[in-house]
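Shared chain: subunit A. Partners: subunit B in the first complex, subunit C in the second.
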Partner chain A sequence: MTRVQLRPSQIAALVGGVAFLGVLVWLNWAGNAVTRDGFLVATIAGLSVGSLYAISATGMVVVYTTTGTFNFAHGGIGVFSAFFYWELVENADGLELPNWIGLLVVVLLIAPLIGIVLDVVLMRSLRNAPMVVQLMVTVGLMVFLLTLTGQLWQGDRPRTIQPFWRGSGFDIGDFRVTWHRFMVIAVAALIAALLRVLLFRTRIGVAMRAVVDNRELTALNGARPGLLSSFAWALGASLAAIAGILIAPELNPLDPGNLNNLMLIAAITAAAIGQLKNLPMTVLGGLLIGLLSQHQARWLSFGSDWPFVRDAAAPVLLFIVVLALPQSRLAVGRVSSNLRPIERTTTWWEGAIGAVALILFGRWFARGSLNFGVWDPGEWDQIALNNGIAALVLAMIGLSLIPLTGWAGQINFAPLAFAGFGAFIFLKLAGESGNLLWLPVVGLLCAPLGALVALFAARLSGLYLALLSLAFALVMGKLVLPHPKIFPTIHRFEDPTLFGWAIDNRYDYFVTLLVFLGFGIFALVLLRRSRYGRRWIAMQDSEAAAATVGINTMLTKVVVYAFSATLAGMAGVFWALSKGSVDSGRDFEVLANFEIVLLMAAAGVALPSAALFLAFIPLTQALGGRLDDGGSVPWLVWLLDDFLAKFGPGLLAIGMVVNQRGAIFEMGRGFAPILPWRRDAREEMAQERAAKTTAEIGGLGLDLPFTNETVLTLDTELGIIDEVTPSGGYTHGVGTVPR
Partner chain B sequence: MTAPLLELRGVRAGYGIIDVLHGVDLVLEPGQVVALLGPNGAGKSTTLGVASGQIQPSAGQLLIGGREVNGAKPDALARAGVCLVPEGRGIFPNLTVSENIRMMTFSGRSYIEVQDKAYALFPRLGERRRQLAGTLSGGEQQMLAMARAMSTDPALLMLDELSMGLAPIIVEELYGQVAELASGGLSILIVEQFAQTVLGVADTAAIMLHGRITRTGPPNEIAEELTAAYLGIDVGGHDK
Partner chain C sequence: MSEPVLEAVSVDVRFGGLQALSSASIEANTGTITGLIGPNGAGKTTLFNVITGHQAPTAGEVRLLGKRVNRYGVHKRAQLGLCRTFQKLEAFNSLSARDNVRVAAEMSTSVASSTEIADSVLARVGLSDVADITVGTLPTGTARLVELARALATKPKVLLLDEASSGLTEEETTAVGDLLKQLVAEDDLAVLLVEHDMSFVMNTCSRIHVLDFGQMIAVGSPEEVQNNDAVRAAYLGTDA
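On to the complex of A and B.
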């Protein structure tokens, strides 16, 4: 055993933490009498819930250590499995299997199948992809699985999963403790022990860890890497299924989103406590979260000012754990693969043309002046305009991610936290009025929040940075923003005004937003060409190299976070004004953050125009609605409204498996050669085509058989067809090639 | 006469559309120790990649024991007794020494057997069996990589730049082990940049330049030519 040695700063942090906890307990003591029974019940419940978290978390850790992928879809797989179990066991119109059989079928058959399919279809292509892409694909998969579950088992009736033994148990004082809870504790302990043995004491377990370390060498040793990876994914999915099915009875009724939150957040926290690799620590972490939340619920009362505090134990702990983690090791001597497209930087006048085109196009479209010759969209009604406004606001929030994630490479899952903060400041400054002149002030005041996050984030990178921003999004969304001192539960705003001009109808507001968005895109195009843009990109390429050429990376990070917070905060003002009211309990859900980040990533987050991609969901809904009004083409309505709007973000993010650089990038690449001034794009295209031809010719006679057609192609390519080809074409070989 | 253990016939191979090997012919008879020498980028490692199944040849044949095995997976070849110790450190840095040794049992030998042999040959590994392999010194890491060759009794051994980045005394020690394996009748293909390192071990040497084997002969004769090749002097004029 190594002795734990604490530095003075760590001791100080520990003492401070305990003192803070003490004050928290003292201030919020609910005044319940502390009885032996009450303590026992809270402890048993805590251990049981904690065991559930531990099962879920060990699954994530096993997948991470055996596949190298941190699987955000772990909860999603658990949710799907739990609903599948419901279908087999609980559904009154279904098979009504005994619960043990249902459990075995799902855990040993369905879940491993899901795992293997995931490995073969998605994860294989992701093996050498950058961490960001892996992350986005698994987050996309999570969103997709939740949507799929929600669509397959729609909310037409409440569903519940009974605990094992139908809730029988024994009584402690006035409280009932179910056998199910005891079983869960035993199962968690068993799983942790078995996994430990599997990973460290068996050859297949050692080999699964070896695959992550060095895939080629694993094969050279004679093990089958493909099979090992599939097994690892199957195992991970099974663990997710066990966790999902056992956690499900805690929820009544069963809901995909809630079940996922229950499984995912606590599990990520527990996994972080185990530093993503240590199984015993992960289990302890899960138990700690369970005990904290149950005892807190029993003894403390935070009043109505902190409505979501019960769900906040895990996020707060996650925040602390990620910050306290030992410095992540720098990957020395390895060039980090990043996917920022090696693009030609957009010129200022291209940006200007684009912005003006966007504004004009948007106006005409909203007025119904553009009808594409397919159908007459007509002038937009209020609902369509609202959708359009929502689209533009999302795009503005998306702009904030472009310098931060796209250029500086800092993953951020919390754009809405910044936007919400901006809306809050606007509310304090402008009161009920919607005076847009406060906008620059709001932006300036949001910058310090961004700088603060940067100070926390500065020493983290990759996965840990993503987890920190997730914790930030959760803490802001669960604790800070829903507090009534910040947003009265549902707050209404007046119509916005600008220089005394009241923007009191939706069309004017739409056009105003369009102008702001166009200006924002143009400004980002200019910024990308400035020395700041270059610095941020240099930092993403290699922080060490950037530092050696004299860039102060710390300051650069602070600036980019502050700038991103400014953009998001100002977008937040428009967001609040466009909604007219803010529902602080729902509007900052972490899932909403995920959708924004996913769509930006799928579009290609380094390009300012990618923000327009965020208009995707509201616009598909708007178009679906318009078509529905017209009463025509029901399948198109279904495609737009039901399929694309709901599955879009998840599917697009999963699509990054194939198209890692983003959709906007590829579209721009295809489109550029048409533009008259883009000779460089045409030359590049010609070069690529030439390289392809050379490659084909290079294989001729070796693995490509010489046919008359290829000889003809070769001659044409070389320009010698007229001199050499006999009249009437070649006559040897099969058939004749006419001249 | 028995078939050669390893034979490459007119092998072309490369990465993507770029060919690195332009028709390599190479024969390794049973019990022979061949050194493949040449400068950076000549295609030596690619040749080993083809022979171990990691890189599929785009043309030509790969024969092992006289049978064509084009398209065989590297893990299948490994189980059949082809052992490649790759360039750099052929170890799993995040596994312990004993777990690294456990990985060697996929070749078909039992754990006890492999373990005993490896620790007997390299007692230092035995002392560090619970340590993460990534925390070993460079020489110890290479010993661990070599332990797979020494303890799993392969039919064909291929070593890729064993000496790279190691102190001369350790290189000498490692090649001493290789010589011992060779005297036991194992067929070995050694890739190195410099001839001196393998003079005492190899009985044949081949020079590889620009994706072709340009000359084969006894190592001490080849050494001179190799120097000429490195200095950019035309090798073709030196024909005998």
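On to the complex of A and C.
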């Protein structure tokens, strides 16, 4: 047991956090009389909700400590389970099972099955993958599960899950407390006790705890890591299912996104309080979040200025916890072996050709030439053009991640927070005029926000950094940007202008965006070739070594974040202008951030052209919509509009299981040998082929099955072959090997 | 002899209850190769970390070019001319060998001349053939030489090598030894190295410090150290 030592900065963060809370309470006191009954009821409610957060977080921690995968899909599993439970129990056209049986079926059968399938099919092959890849695959899985749930149970009617005993309960003073709440607390206590017995009294539990300390050593001592990880995933999924089903009555009618946000953020925060490994602290963390949110709902009133403050307690807490708590050593993923043998960066003229090609192709696309002869030629309709514009804007926001995440290795789940900030600055400076000359000023003013985040983030790495950026995205999206003093709830912009030229139609705006995007990609190609590109990548590869050659890593991070914020902020201006209005309550949803980061990662976030990949969703929608008008190929419409546009991002990210460097990287690798000037790519291919052959001979009998052919090769090589028999078998010095 | 270019004076490092270094002192002089040896866990790498600024000492002082640098960060000491390699390989894996060296050279010169410097340094350590190869795909020994080249490209006054020979073949080890001797003779350089390969140490270093359980138990020429009873006891575990 090590004593927790707080550094002065951590103490300052804690004191600051507590003082902030104090001020918050003082300013927003609702004026409800504090009675014993009121306090008691809020406490019971808090404990009940908190128990569910605790159960959910416990599942997350068990999976993380046993397998090393931090599972962002945890909430998604809970959401899917809750809907499945609804199907079994609540659906009037369904089985209408008794709720106890429904709960048991989902928790003991369906959820563990999901967990085991995920482990065997996806997660095992990620054991040694870089942390970013593991994270992106689980985030992709989350998006996939939410989409799947939304598609299976479409929003055609409200669905509700009744609390157990249909909400009956008893009264404390004027308040009613349901039996459901008591049952939840009892179930949580039971689960905690069972887990304690499992982890300390059973073979498998002891092995799971041992794996936390040293996976290889545990395996050497006879534990079976494969079995353990499947068991952990099954257990984690069951716990997510219990939490999802029992918490659903708090949120009726059911909505996948809301339920996931509630469960995921609370679970992550509780897990962070437990330092991602300590179960008792995790449980306490869950209870704390539950109590905070319920007491806040009873005693504080934030009025209309803080419309989403109810959802903000956990993110704010997460922010404080990640910054203030001492961090445990994290399981570190290995460096990807998936490197190019010959290192080569895009040349400036390749970048220039790419940018020009993009602009020409984009104009051709926007003019409606892309109709494959299916429809009458004509103007590309406004909806399709709007989708094209959305695609380009997303690509611009994606550009901001290339230097930050792709080169400097700083995971950032908050690109939209920076973009939103840029839109806000533009609104303050340019008013409603839409004058694009303000763009550089907006960029400059966004830089300090990036630098500020860098100051917080500089000490963190890997998973904690990801969690911090997530908390930042949530705080910006829930508290700061929706505040009416920042954005009017819905704000309208006029048509953009540039040097007095009014860009008053969608086609002109599309082309303007194309030119800016092409220029941005070209600039990043140049930057990658400069000393800064090399320096940032060097810092990602080894911070310690970067410092020993004289790189100030702190300053470098501040610069990279500031630069990324500048790019995102300017993209945010185009974003606001393209929509013509910004709805601050909905546009900064954390899920939208996830999709941007996911697609960038799946494309290969280190390559400037990866940003074009973000165009994927809007463009498939555009094509699907266009085909719909044609009415001739319904299956293609379904494929593009219903399947690819909705499931694409999640599936692409899950695809990183096999393709860790991203799609663009592999596409480029396959394509490059055809280009006449890419002799290096052809050499690389030849080298790889040679390396593969050596590996096969070297790996005889170890990685590959020991077949007749390999024995034959070996014998021929060694010159000890006696006679090859015509029947297919052959003999050698030792005996006959049957075929 | 002139003032040492690098001095660590009475360095203490405590990790909780573990005294990793107690009052350890070491110095390195321009034109010489100094060795630091000791059994596993003696505190050699910890002392290196204190010197380069990766680890803050509990007590004691580090002086570089006569200047107290305790409060300087790693990069600032590097800019003063202190560079190191690592026991556990710390190359820039996703960059080519040439770019690894360029990143270091670029800290003080222009982009154009950094390419020249990189190519000449790579030639010097015998890596011209692999200049375009991604370092993450190179064998460990070769990647170690890239690290050495990278350190040399910073034009250091003091070079700290942590297990420079591990992963190298015998010929490569000899070549590195010769290269180091040549460097300290020609350039304005002091080398301090931690090493387990005793014949390498004895052949390369003119002065050797021996660390055991965090304390300096012997200092002297290779012959003196080899004949020192305390050193034999530490290595052989006898009470000789």
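Please note the rule applied: the second predicted complex is superposed on the first by the 629 of 739 C-alpha atoms of A that agree within 3 Å, B and C clash if a C-alpha of one lies under 4 Å from a C-alpha of the other, contacts with A are read in each partner's own complex, and residues count from 1 in each chain.
Here, contacts are C-beta pairs under 8 Å (C-beta built on N, C-alpha and C of every residue); 3 or more make two chains touch, one makes a residue touch a chain.
Worth saying up front: this structure is predicted, and the values here are computed from it rather than measured.
After overlaying the two complexes on the shared chain, residue contacts for A:Ala545 are found with subunit C alone; subunit B is out of touch. In the overlay built on the shared chain, the residue A:Ile268 is in contact with neither subunit B nor subunit C. Contacts of A:Arg534 after superposition on the shared chain: subunit C is touched, whereas subunit B is not.
In the superposed model, A:Gly222 lies in contact with subunit B only, and not with subunit C.
By the document's definition of touching, of the two partners only subunit B reaches A:Arg209; subunit C does not. Touching of subunit A by both subunit B and subunit C, each in its own complex, is seen for no residue at all. Those residues of subunit A whose C-beta lies close enough to touch subunit C in the complex are 2, 335, 337, 339-344, 530-531, 534-535, 537-538, 540-542, 544-553, 680. Across the interface of their complex, subunit A is touched by residues 16, 52-54, 73-76, 78-79, 83-84, 86, 90-96, 99-100, 102-104, 106-108, 111, 114, 132-134, 136-137, 147, 150-151, 153-154 of subunit C. Only residues 200, 203, 206-207, 209-210, 212-214, 216-225, 691, 694-695, 698-699, 702-703 of subunit A touch subunit B when the two sit together in their complex. Across the complex, subunit A is touched by residues 12, 17, 19, 52, 54, 58-59, 73-75, 78-79, 83-84, 86, 90-95, 99, 102-108, 111, 148 of subunit B.
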